[in-house]
Amino acid sequence: MRKDLLGIKDLSSREIEVLLETAERFKEVSEREIKKVPTLRGKTIINLFYEPSTRTRTSFEIAAKRMSADTINISASSSSVVKGETLLDTARNLEAMNPDAVVIRHPFPGAPHMIAKEIKASVINGGDGAHEHPSQALSDLLTVKEKKGRIEGLLIVIAGDIAHSRVARSNILAFKKMGAVVRVVGPPTLIPYGIEDMGVEVSYDLGEAIKDADVIMMLRIQLERQKGGFFPSLREYSALYGLNLEKLKSARRDVVILHPGPINRGIEIAPEVADGPYSLILNQVTNGLAVRMAIFYHLLGGKE
Amino acid sequence: MRKDLLGIKDLSSREIEVLLETAERFKEVSEREIKKVPTLRGKTIINLFYEPSTRTRTSFEIAAKRMSADTINISASSSSVVKGETLLDTARNLEAMNPDAVVIRHPFPGAPHMIAKEIKASVINGGDGAHEHPSQALSDLLTVKEKKGRIEGLLIVIAGDIAHSRVARSNILAFKKMGAVVRVVGPPTLIPYGIEDMGVEVSYDLGEAIKDADVIMMLRIQLERQKGGFFPSLREYSALYGLNLEKLKSARRDVVILHPGPINRGIEIAPEVADGPYSLILNQVTNGLAVRMAIFYHLLGGKE
Amino acid sequence: MRKDLLGIKDLSSREIEVLLETAERFKEVSEREIKKVPTLRGKTIINLFYEPSTRTRTSFEIAAKRMSADTINISASSSSVVKGETLLDTARNLEAMNPDAVVIRHPFPGAPHMIAKEIKASVINGGDGAHEHPSQALSDLLTVKEKKGRIEGLLIVIAGDIAHSRVARSNILAFKKMGAVVRVVGPPTLIPYGIEDMGVEVSYDLGEAIKDADVIMMLRIQLERQKGGFFPSLREYSALYGLNLEKLKSARRDVVILHPGPINRGIEIAPEVADGPYSLILNQVTNGLAVRMAIFYHLLGGKE
């Protein structure tokens, strides 16, 4: 298997299938009374997070611990970053302590790729700027596959702030690789120019866009975007691009709804939608853990 | 056994006795050369702390590790709270990763109870606002029982900021349940109106109040209360309600002194008192660890 | 063996030799497929850090975990320090939970020594103000010994901010104990008055000082020193006291270069020097991990 998991871009559809199959098997571990397998005993996994994160860091950490690895958390605030060390020097220093994997989240696109070239340890991209978030996209694939039985031929609508979203980017790549049709929808200011080149359909009308969707993936609207002038007000954003029961009426009856979280209730998604029966938001979290176990398994366990 | 430990209020005196007996047995584990039992192997325990804490978080974490559980720390500053996620959504997301227990400290009274209703994992209240702090009260019971041989019939004086103290509240409930007499003492501004309804005696004179006490429990005065106008100055507070050797002269010779920590030396308690032979402050810490092991044992281990 | 490791000052040259020999053996553990030995199973090690640190804390934590100890991290920001507890009370409270070792980093010189007298657990100085940083000096000794085959008789030049550096102080003591000659060099404002009493040569000219050196150890210049008026500008500091290829021309061909990190590229050390073949900066990190395993082994494992 490969050394690193940097982005969906690098993965073949066959590799994705293998990762999803492994993840399906690992789900069972988290349902046992004793949630522990010895697979990664004696391995050291470092979570190097330059942005705050609960869910992603916790998911990687629990995944590692249930596989018996040793985990080390480093967050930017406590790190040498404060002292002005370059990212590469931090990485080389960590490498000198022989970790087996470094999970990195960083605000700069490409940061994990730069590190991966420099160190022998496996590097896993836990989110790099607006670039990629591959473990999230794999969770989402697994979640859809579980419910729909397949990915191929489905219509996936991704709605909201496409321009600033690594989740959107990784999911566009992932679903297209697996044979789905992808449509993005959002206000023109939040749809990046030239997005059609990624092979997606573009819409600016949420009600229209979701009519024939098999899957609707709502993106988190970052509240600070409003200050950037990307939309006039949260109220207007919510009225036009928030998913509520009214808008859902135009969707297929078997549509399923995803959101990478954390959700802004009442802004991009109404509480009744987030908590409704078609919502797979918590399945994404459960599957995220299994996917991260699968990633560790293939990058680290496969060496044996 | 029950799923959650939310407050002393919910516990029967029999349940308290069982927890204390279990804690007494677990004390021995921390005195071994190899301080480790396999009881919770493969269990995942999350410490979700929305308020800063060293002693409580560390005590739960060491307890969990000595029982071989996997532990995950989440503190408010690094958490999704920053991103505006609701507490309930955070809890549901954690639940989706199948933890066995969530220890929660939160500034809002009732926060752990709200979560407990929503998730399958055991919820342990690590302190919720001015409401309850049950593991602290259990430590204090154990500490008194060890030294006095019993709780029933003792006179317990709790002194200081009764109004804002979850420790006071849980201890009043705990000691009364076990048959002790409880008296609270402090400045009128820091004694809540209607406290007599909890079945306690009230006094405003520390010297008088401690004369026949078997146990004096001093509470930490939070220095920021002065700004709230609850007392005129720290000097005056200390003169009237600080426990020093002079005031102790009026107490029984076999009185014992407790304080939940962290202590303000020279304010609510004089150094000679805190470090004196009647002080059980460090016993409380040792017993706190054992009590937390007992709590985990009954909530998690009892499932087998 | 001794209970604590507080400073190089307390160690005999024989003790240092034993620690280095043990560290050499432990290096192998970190090169295994399964990087784990059971030596410290059931031991509790607390990292109590009152100053931010990635590399030292991470190194101690990985060392402890590879020896199967349980580790607890406490950082000043989340700790009771916030609540005004004295350092000694914090230490006594931790002690009451029966840890086996406390690694402490603190801005005040002597803080670890004060704690060591009060608690039964082993105390390891992870850096105390400008006083000592013994595990760093032991790493540096090991690094030089590995490359040069010996310490005795070598000329070690330590360059930069001698006055504020615990690394300088511990290394002066360490290298002199092992029979090396030590020379310090830096601007007069950063060389402490009376440093000759430590038995070192003093120079103010980097180019001159390194001519006959076997080892050059560059110290990190803390950028905030400039505000203190210790040197006129970073540019001038770098021109006079930064190590670059030009200045290195005057050095011996077999010179080796150390730096405790994190490095300021282009300030005290040029990138070509830091990354050059004579640089042992990353060896120091690898050896630091092994040295910390050796320290734990002798302080904790030796009890058996």
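Labels for the chains are A, B and C, by order of writing; each one numbers its residues from 1.
Operating definition for what follows: contacts are C-beta pairs under 8 Å (C-beta built on N, C-alpha and C of every residue); 3 or more make two chains touch, one makes a residue touch a chain.
Source: prediction; values computed, not measured.
Copies chain A and chain B of the same chain sequence form an interface built mainly from non-equivalent positions, shared numbers / all numbers used being under half.
For the copy pair chain A and chain C, the superposing rotation over Cα atoms measures out at 120 degrees to the nearest 5.
Taking each chain's centre as the average of its CA atoms, chain A and chain B sit 40 Å apart.
Along chain B, residues 77 each make contact with two or more other chains. Looking at the complex, you find that chain B touches chain C at residues 30-36, 52-55, 57-59, 61-62, 65-66, 75, 77, 223, 261-265, 282-283, 285-286, 289. Contact residues on chain A toward chain C in their complex (touch as defined above): 41-44, 46, 70, 72, 74, 77-80, 82-86, 89-90, 92-100, 303-304.
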